[in-house]
Structures are given as C-alpha cells and as structure tokens.
Amino acid sequence: MALSGVDLRLARGQVYVLLGPNGAGKTTLIRILAMLEQPSAGHVRIAGVDARRRPVEARRLIGAVLHQSLLYGDLTAEENLLLYARLYDLDDARKRVREALDGIGLGRRAGDPVRTLSRGMRQCLSVARAVLHRPHVLLLDEPYSGLDCRAAHYVSRTIERAARGGCAVLLTTHELDRGLRVADRLGILSGGRMLAEMWAREVSPVALRRLYAGALADV
Amino acid sequence: MSTDVWRKAWVLVGKDLALEWRTRESFLVMLLFGAIVGAILGLAFELRAGGAGEVAPGALWVALAFAGVLGLGRSMAREEEDGCLEGLMLAPVDASCVYLAKVAANALSMLGVGLVLLPLFSAFFGVNLLRPGLLVVLLLGAAGLSGVGTLLSTMVAHMRGREALLPVLLLPTVVPLVIGAVRATAGMASGQSLSAVATWLRLMAVFDLVLGAAACLLYAWVTEG
Amino acid sequence: MTCRDRKPEALIGLSALAMELAIVAALVHAPTERVMGPVQRIFYFHVPAAAMAFVAFGVTFGASVAYLAAGHPVWDAVACAAAEIGELLAALVLLTGMLWAHAAWNTWWTWDPRLTTMLVLWLIYAGYLLIRRSVEDEARRARYAAVVGIIGFADVPIVVMSIRWWRTIHPAVFDEQGVHMESRMLVALLVSLVAFAFLFVSLLVARVRLSELRDEVESLRRSVL
C-alpha cells in the first residue's frame, strides 16, 4: 500500500491511535517508522536521530510489536527475551528479563518453549519484548487482534505505563472504541492519506464514528 | 569491525546453536540426505565404473552441497516463521552482523555433517578420507557454501517456489568452490600433503573471501522488506 | 536518462549492415583453414559472441551496482536487458561450440574449459532471469536481481580461473607468442567482433526502450482505472 503526504508527529508521553480500514496503509506506515522498509521519499526522525543516516542508533530508540510475534517458537520465553536483551546491550539483562516475565505472569513458565504458550501469552511476551529496552518510541500494529480480556488488559497497561514514562506510543487498530479509550490523539488513515487528526478528549464516540464513516465514504 | 559486532554475532550464533540443539531436526535431515546421496551415487557408479574410489571426492562434495542447500532452507524457514528475522532487523544490529552469524551457524552444521560423512564415504567408496588435512578442505568448503548460500536463502525466503530457487541459484555459483574442493579432496585421499594441493585450497580461499565480502555488503539489501 | 525519444531503428539498421559485412568477411574473404576445412568459419561467430557475452554480463554488473547506489529504475532495465542478451549470446556460443566439437572431435559436448565456463555462466544468469520472474513487487525485484547480478559477476573470474586450472584442451589461437592467424582471418574476426558489438548495443537500447514503454503503459493504465 502506498502512502502519500503523511506527516506524523508523535510527542513524548502521548498515545497516538491510527485508525483505518484494512489496506489503508497503517502497516506500511508502522514498518517505515520501524525502519523495516525504506520510504521512496520522505524521512523518519526519532528524538532528533535521522533514521537513514544513523540506523543503528535510531533502532535503539524504537520498540515495535508487529503482526507476527517475532519470537522463536523453539526457544523458551526467557531465552527469547534474553536474546533481545543482549542485542540491545542491556547491562542488567537477566534481572530485566525476570521482571518482564513476572510482569506478564509468565514467571513460572519462563522455561517453556514459546510454541507451547497460548496466543494471548505470546502476544504479551511480544509486547514485553518490545518494551524491554525502554524505547523512546513504541509502535504497535494491531496489538489487540485476537486477544482475550486478560492479555488485552496487559497490553493496555503496558501502553499506559510506557506513555507515563515519557515514551511516544503509536498504535494502529480498526476498533474505534478501543482506540478512543487508550488514545490521547487520533488519526484516520485511508487510501494512504491522513484524512483527519483530532484530540481524543475533544471527540465523543458517536462523533468519532460519524467522522470515520464520513471520511471513508469520501475516498 | 568493532568488538560490538563480534559480540552480537556470537550471541546470534549461540541462538542458532541452541535452536538446533533443541530440535536437532535440520542436522539429522541434512545428515540423512547426505548419506542417501552417497548411497545413490555409490550404487550408480560402482555398477558401471568398478573403481568407486575415483568418484568418492566428487560424491562427497555433491552430497555436501545438496545437504547444505537443505540445511540453508531449513535454517531460513526457522527465521521466517513468526517474523524472527524482522525482529533481529529491529534490533540495533548491523545487517552484516546478522549475516556473519548466520554464515557461521550454517557453516558449523555443514561442517558437522561433513565430519560424519567422511568415515561413511570412506566405507561406501573404499577410500581413506580420514585425514586431518581434509578438515581444512571441509572448513573452506562449508564457509563458501554457507557464505553465498546464506545470502541467497535469505533472499528467496519469502518467494514462492523458494525450495527450487535456492539450488538453482546457489549450485552454479559454487562451481569453482566445488572444483577446488573435489581436487583437494582427491589429492589428499591419494596421500598428498596439504602443500601439494595448495593451489586448490587457495582457489577455495579466494572464492570464500571474494564472494563472502560481496555477500556481506549486499546482505542489507535482501533483509529490507 | 530516457531512451524514449531516441529511435533505435538507425542503430539496428547499422548493426544489420555490420552483420552482413561480417558474414561476407567470414564466408568469402577469409581463406579456408587447411586442417579443419570450412567448419572453422564458425569461429568468426563463436569468438565474438563469447566476447560480447562477457561484455553483456559486465554491463549487468555495472548497472546492478548503479541501481543499488542510485535507485533509478532505468539501471534495473539496463541490467535486465544486458542479462537477457548475454544469455542469448552465451547460448549461441554453446551451440556453435557444440557444432565445432562435433566436427573437430566427433562429439557433441566436451568438457573443454572455455565451453564449460560458458555453460556455468549461462546457468548463473539463467538463475538471474529466474529471480526476476519470481518477484512481483517491482522495487524488490530490481533489488534482488541486482544482488544476484553482482554476486554472479564477482564469481565470473573465479569460474574462469578454476575451470582453466581444471583442464585445458581448447585450441589456443592466442597465446604469449601472439596471434597465430592469417591476416585475412584476423580481418574477418575483427569485422565480426564489431558487428556483434553493434548488435549488442542496438538490442540493449531496444530492450531498455521496451521496458520503459511497458512501464509507461502500466502507469497510464493505473491512472485511468
């Protein structure tokens, strides 16, 4: 999906929710910001670091949750997190991994291969993996899809905590209610264009729904 | 390159070895496949030529190259499942670091397979391949196969028909390496010293260095989505 | 950077003329070789085709590097065109080589080093063309093809070297002492070489133009739909 003329600014401590139908370009935008794809034009800057010129430095500042879990099924939960902790040069790797596992209630199953965990658990672990190195920017692509209440609750809590800690959070979803609940700011993306942006506190669920439907009808 | 790259490459190699150790699937399949190729070639040639010993070095390297293709495919499939390779690209790690680690891990499993195939092929073809100098040949051969193979297997990992594309791309490219390996192995099997086959070892080393360096530089272009 | 406005027809006409001249030079002007007889005349097409095949693969390499460095799609079109022409010329070399082998050694195929080299190159670039067919996304196709184009050409000198060491039974026309050829034969060879160079350039221009027109049609269709 091609994007054009999208100018997105994320502020520290702010949760930005990107709404849009399937094929709107949400995933492409996340992948460009996560530096997994090069935009044909335009640039990405993270806390003043130019992503193209200093990619390794920029990557250190980003945490991302994508559609896939990014976890090795045959490694244990602990081994997966330890691997990433070492790749991100965390000094207190073991301690942080331990805390992260306890935080998602996986302390007891730390030694089980990820393959044997439930989908919700895996998603929690995937989110824990993304915030392990305390990123400045947290990107989440449809983090709620197919989750049970407990896992969804954990995801929301992690997002809140990250934002409170000064992290800029961008998440995509096509569920309006959920989006409105966690958002500080909202954007509607469709057909590769940003159709509207608004503050969450200034819009009611009904108004948002009307706006969303209207924006889609215009395309 | 900084120590940072080597340290992280080591972490990644450790990850691959742990994965392989846990499942052992790829190693066993490679080994079995290598043995099957050896048995088939042995049958095919002994019935016709009588002197099976002459084809032993060629058979060994055909078996290793084919087993290597299989191992490369499996190791990349493991990275593609659940998007793990993308996870690595998200981390503050150079593509060349990921490349070096994958090359080392793949080469190690090929080397392991080679070490088991040496006595097996010695028995199959009635020659003595149990010579320490052959370790050098195995090492150079595994490094070259893995050096080019890792680049190509990463590239074809999300293409349709990847199982067929990898051998079609890889095998013609490694022809010089296989020529050198077969000649060096043949020389050593007939009792020659390392220095007597130095030409062939040098050829293999040149292949490893030139194509390895090119693949390392190009790796960033095949990991980008 | 566009060939759109330049018409390749003049160039094609010129190379047709050069080709006529080459045919006359090879079949009429050059004397019949004493030992081989008339079949030796195939040499005037075999050698220039081989030379231009190498040039073509070199152009693919250069254009691949340029594509990765600059990212302009025209470089991808040039790389692709040169590889296709190179494959065609290499096939011509293989065919004429086989005809020659049949007349000279009474066998359709010999593992002669130069013929073998050409076969390996043909296989490597067949892989290049295969990769192009296997990727749909344009930018990704261009990037992957460029990687294979670079790796393939880095391999070329090593392939040539390894196969030369491997065995040598090719009729050596050029060696350290200079050229062993009558002057009229040399003229025929040079004329043919020039003709093949013209042929290569005009095919290249026409093929790149075709790619550009195809892209234009595609973008027009997209803008209409």
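To keep things simple, chains are lettered A, B and C as they appear, and every chain counts its residues starting from 1.
Assume a residue touches a chain if its C-beta (ideal position, glycine included) is under 8 Å from a C-beta of that chain, and two chains touch if they have at least 3 such contacts.
Everything quoted here is computed from the prediction, not taken from an experiment.
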### Summary
argmin over chains of |mean CA - global mean CA| returns B
### Query
If you take the mean of the Cα atoms for each chain, which one ends up farthest from subunit B?
A
### Message
How many angstrom lie between the centres of subunit A and subunit C, each centre taken as the mean Cα position?
### Response
50
### subunit B and subunit C: spacing of chain centres that average the CA atoms, whole Å
31
### Message
Roughly how far is subunit A from subunit B, centre to centre by C-alpha average, rounded to an integer in Å?
### Response
38
### Task
Provide the list of subunit B residues touching at least two other chains, using ranges where the numbers run on.
224
### Task
Over in the complex, which subunit B residues touch subunit C? Could you list them?
148, 151-152, 155-156, 159-161, 165, 168-169, 171-173, 175-176, 179-180, 183, 199, 203, 206-207, 210-211, 214-215, 218, 221-222, 224
#### Entry: Partner subunit B, residues of subunit C touching it in the complex
68, 120, 123-124, 126-127, 130-131, 134-135, 143-144, 146-148, 150-152, 154-155, 158-159, 161-163, 165-166
#### Entry: For the subunit A and subunit B complex, residues of the former touching the latter
31, 34-38, 56-57, 59-60, 62, 64, 66-75, 79, 83-84, 86-89, 113, 129
#### Entry: Touching residues on subunit B, where the partner in the complex is subunit A
4, 8, 11-12, 15, 18-19, 22-23, 78, 81-84, 86-94, 224-225
